[in-house]
Amino acid sequence: MTLTVEHTTMPVLGRLPIHSSRAEQVAHIAEAAKQIRIQDLKLVHYAGAGHIGGDFSAIDILATLYGAVLDITPETVNDPERDRFILSKGHVAGALYTTLAAFGFLPVDELATFLKPLSALNGHPNRNKVAGVEANTGPLGHGLPVAVGHALSAKLDVSLRRTYVLVGDGELQEGSNWEAMMAASQYQLDRLTVIVDRNRLQQGATTKETNDLDPLPEKAAAFGFAVVEVNGHDHGELLDVLSAVPFRPGKPTFVIAHTHKGHPISFMSNNVAWHHRVPDDAEFQQALTELESAGRPRFDREPV
Amino acid sequence: MTLTVEHTTMPVLGRLPIHSSRAEQVAHIAEAAKQIRIQDLKLVHYAGAGHIGGDFSAIDILATLYGAVLDITPETVNDPERDRFILSKGHVAGALYTTLAAFGFLPVDELATFLKPLSALNGHPNRNKVAGVEANTGPLGHGLPVAVGHALSAKLDVSLRRTYVLVGDGELQEGSNWEAMMAASQYQLDRLTVIVDRNRLQQGATTKETNDLDPLPEKAAAFGFAVVEVNGHDHGELLDVLSAVPFRPGKPTFVIAHTHKGHPISFMSNNVAWHHRVPDDAEFQQALTELESAGRPRFDREPV
Amino acid sequence: MTVVDTSIADQPRYDCRDAYVETLAELAHADHRIVGVVNDSVGSSKLNSFRKAFPDRLINVGIAEQDMVGVASGLANGGRIPFVSAASCFLTARALEQIKADVAYSNANVKLCGMSPGVAYGELGPTHHSIEDIAWLRAIANMTVIVPADPVETAAALRWAATSEGPVFIRVSRMSVPKVYGDDYEFELGKAITVRAGDDVTLISNGTVLWRALVAAEQLAAEGISARVLSMPTVKPLDVDAVVAAARETAGIVTAEEAVAGGGLGGAVAETVVQHHPARVSILGFPEFAPTGSAGYLLDRYGLSAEGIADAARKLVKPSS
Amino acid sequence: MTVVDTSIADQPRYDCRDAYVETLAELAHADHRIVGVVNDSVGSSKLNSFRKAFPDRLINVGIAEQDMVGVASGLANGGRIPFVSAASCFLTARALEQIKADVAYSNANVKLCGMSPGVAYGELGPTHHSIEDIAWLRAIANMTVIVPADPVETAAALRWAATSEGPVFIRVSRMSVPKVYGDDYEFELGKAITVRAGDDVTLISNGTVLWRALVAAEQLAAEGISARVLSMPTVKPLDVDAVVAAARETAGIVTAEEAVAGGGLGGAVAETVVQHHPARVSILGFPEFAPTGSAGYLLDRYGLSAEGIADAARKLVKPSS
């Protein structure tokens, strides 16, 4: 199996006009998320590598951010006053590239180079090669300190630009995050938003079995953050929360987005095996069918 | 000024018989703490180096641990079943050496080699050179992970031996500590006790100005510890708390010992300048007079 | 000791992590002090079977490398013999001060096993390439650095480490390799092994590149160039005598390793020859952060193929004008 | 450029951190993008006056080196030019993966200033000795490594760093040194400076050891040995031509640095000569974790004194039988 341009079929969706209604925005994000998932599935299946579980866990968040929240467009990708988004869980680079392509930062057919020799589309994002990437991540626990640094620069500039960083929940086991959270709170970086992809799975097991993060809201609150919990697959909730930050003046925001790894694919969802498994032909077909079937996939937040 | 054996005048105090009364134990610890401070003052003054502020902040804790809590004596210093004490804030090595000498682990006159060429008594403790030292510390944020490792080994051995680790409050800004705390809670290491020397000062400023740890009790509780606060200069409180652990079965203990850097010296106490300043002749004399003057120095816990 | 040398390129290939887990389980059965310590790397270290056999003796601290190494040091204080198993890139870069202070300087009996080192993670990119690990750990005093070349040597080095007291770093390759050694191989610390005799030029290698050096030697032989191939599993302490003999007896040395060009095996060989017997050394390795590509692609691209090694050797034997 | 060379040992001594803060303030006045980033190291980096002058532009993240370097990378993303000032031992050991990923691989415009490197912390012991920093950072691609020898060179290197784009590591010495350079000195990246001409043997040094090499050269001159002294402030990229010329024109090279023996300047020189012009090199540095002792005591103990350097040079010129 080889990935070719034939597999890069996603339409470029772009942004809606600024004054579109909330309902229009939500529908647009939902369509984007659907297209991004379909395209990302093809990338992983045909390239034979990737982190599809974490990709699908994060795509609704990415689609919301790039589709309606971030003040950044392909034209302003180098504007110093752009909002910054840092993908700290860099192993879902495939989801990021696909999202960037969906919103016009990257030619869709360039996705066909994913993981190929000399491609800009490495297994982890490289800001020197891909427009729209703000930080070279991959080792966990790096994005949050970098985001704090950017939020500090904005504060020094007395700028209103915002910084968003998406971290994995397992990733929060890295102490560097807690160092950064203390500093963010000390410097009252209320234009910094940390989004946790709270899928309760890490590479080899559940977070609970490995090194439990709970009570996560209490941890984040004790580290000086305003904490909000959302359904991380509900575009409306995500849009409302991510565009409303800060919630408490002077406090950075910690959004716990409850998600499922592999959502919404029946056989992937909440299944640790899909951290970096590659769907075979049958699995690929089934996943494609599930994604293309009408209706918005249902996600009920688990009892914690 | 040169440190010589003439300056190593401290009596060896040793331990009281096991069945001594609490009052006797407390009096013994108080006497030990006094002698250790006098000796440590001489070390720093005559050697011309050391961290006297942090030493004096921690000496009551050290004297309580070695004087009445830890199941370790000069004879059992290599016994696999001994309790372990790890000084994570390794910059107060002088206080540790002096305490070890007070309780017979080290000849008192060897203290005269403090910081001298080829001495075992380095500016930070070396477990390969000094009996009673369990870990080579100095870089902050190392002792707690090591203590977790030891507590795990005890648990694997189904042993009742305990692990105590003393950390600085500024030190808790290191993320490695929070990694270790998550693991300690995950593994339910209830025979592990973390003692924080909560003097609210770090190297260059207050913790509050630098990177505030508060609300520290909430942080530790959210990381799965049973939290207890004590007056870190009150030998009775320290004895009661440190010998009563664990407080919650299955939970490691986090003892916040409220202290003053430089306690009880009038001009050092709670003064950041004394992190590693060396008392000149006049200061030395005054400090000595204050230490030798009768009565137990008073320490009122600050309103937080 | 037997050296498997006929048409090595055609032999079956092995992922050394399999030898790693087999050996670790064997050692753990024999010695209750042995424990594993991981950073959510049970799967990537292939330790699922180990966990099944010794559920209490596989300590997973979560994604927290500093804690992982500190915990290992504490476990050693408690009498355990911890084998830390984590991707070499994260183990060495993230926990370097713990490796220095808690392991090397503390002289703790901790075995650091750097899994999937070099460019094994291929397309995952430079953040996941562990090409600096050898240079980094070699710079730390009291640290033994071992880079086995095949599953036999991996197992032998692990057995040696389990019974020797003190800090050891062992690279455990993921990129599959043919067997270089027969099963009678015994690991000797600090000793080079002449896996092929020769007088014209010397190839010094280890890890996943050693068998490529053997193939290069065959290619050179076909051209009438007799290449000595030294296997150098121990980068630190280095076998000074073997390097000096090579410097003295052949036209020059090519070092080839799955690592940065300089500071590692090549650096150690260079420092040895200049201090004992100056000679030409060609140091092969990665000179930069690699672009996207598979591990095999990257090795070839940077001359760590049989062809690349043979080329470097030819230049030493017949320097162009 | 003038070189101060008469009886250098008798000249006044300077703590290079003073030149550091003066220059940083001067740069910060001229360019609003410059900020300091510290880990509770305001005092130990002597930045109290800087903080007074630029209260908002000194970011103290607390005792948290990983965060410090990550924050610096983020500040650079926001258009700032961060100068990270922290004890070199903690900066490099504790934040190595951040240095690799967030700074070097990201090609972020971050200047890493390793304060009080080498054995400056003397009696504080090996945990505080930063003797591995050069070897560690040299192994990382896209990383410039500079080790200035005196306050003049420290200031010049900082000015260069402020106006050049990209990652730089600069060691800022605490152990006091005489001035080697006149005030007209200009820093040129990757260029050795012949601070003393000579034909018999070459001494290559930098940092706090350079002036000792100059004294050694005087001692050797008294015995009729003409020693060339090369100042090598840039360890990476190395001045290959100057090293090759030394290898070609003199009997051998002594490298002397306040660092581990191997992997750093000595390693870089060794790798260069074996690949371009094999020659004898004697690599001076620390071969182990140092025992208790002051910085001066330790330098002497490990042959990094004028006498030790001269001794090594004599052996190259007149090899004993």
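Letters A, B, C and D mark the chains in the order given here, with residues in each chain numbered from 1 onward.
Here is the rule we use: contacts are C-beta pairs under 8 Å (C-beta built on N, C-alpha and C of every residue); 3 or more make two chains touch, one makes a residue touch a chain.
Predicted model only: the values in this text are computed from it and were never measured.
Undergrad: Any chance you could name the chains that touch subunit A and subunit B both?
TA: A chain counts here if it touches both subunit A and subunit B, which gives C, D.
Undergrad: Most remote chain relative to subunit C, going by C-alpha centroids?
TA: If we average the C-alpha coordinates per chain, B ends up farthest from subunit C.
Undergrad: What whole-number Å value describes the gap between the mean CA coordinates of subunit B and subunit D?
TA: Averaging C-alpha atoms per chain gives centres 36 Å apart.
Undergrad: Let me have the rounded angstrom distance from the C-alpha centre of subunit C over to the C-alpha centre of subunit D, please.
TA: Computed value for the inter-centroid distance: 30 Å.
Undergrad: Express in whole angstrom the distance between the two chain centres, defined as the mean CA positions of subunit A and subunit D.
TA: 42
Undergrad: Can you list every residue of subunit D that touches 2 or more other chains, as numbers and ranges?
TA: Those would be 61-62, 64, 66-67, 90, 93-94, 97, 101, 105, 127.
Undergrad: Show the residues in subunit A shared as contacts by 2 or more other chains, in ascending order.
TA: 126, 136-139, 141, 173-176, 179, 182-183, 186, 210-211
Undergrad: Think of each chain as a node with edges to the chains it touches; is that a line, ring, star, complete or other?
TA: Contact pattern: complete, every chain touching every other.
Undergrad: Which residues of subunit A touch subunit B in their complex?
TA: 173-179, 182-183, 185-186, 210-213, 215, 218-219, 221-224
Undergrad: For the complex, give me every residue of subunit A touching subunit C.
TA: Residue positions touching the partner: 49, 90, 115-124, 126, 136-141, 170-171, 173-175, 202-205, 210-211.
Undergrad: Sort out for me which residues of subunit C touch subunit D in the complex.
TA: For this pair, the touching residues of subunit C are 90, 93-94, 96-97, 100-101, 104-105, 126-127, 132, 135-136, 138-142, 260, 262-264, 266-271, 273-275, 278-283, 286-289.
Undergrad: Provide the residue numbers of subunit D that touch subunit B in the complex, in ascending order.
TA: 40-44, 60-64, 66-67, 89-90, 93-94, 121, 123-125, 127-128, 291-294, 297
Undergrad: Where on subunit B does subunit C make contact in their complex?
TA: My answer: residues 80, 84, 126-128, 134-139, 141-142, 144-154, 156-157, 163, 175-176, 179-180, 182-183, 186-187.
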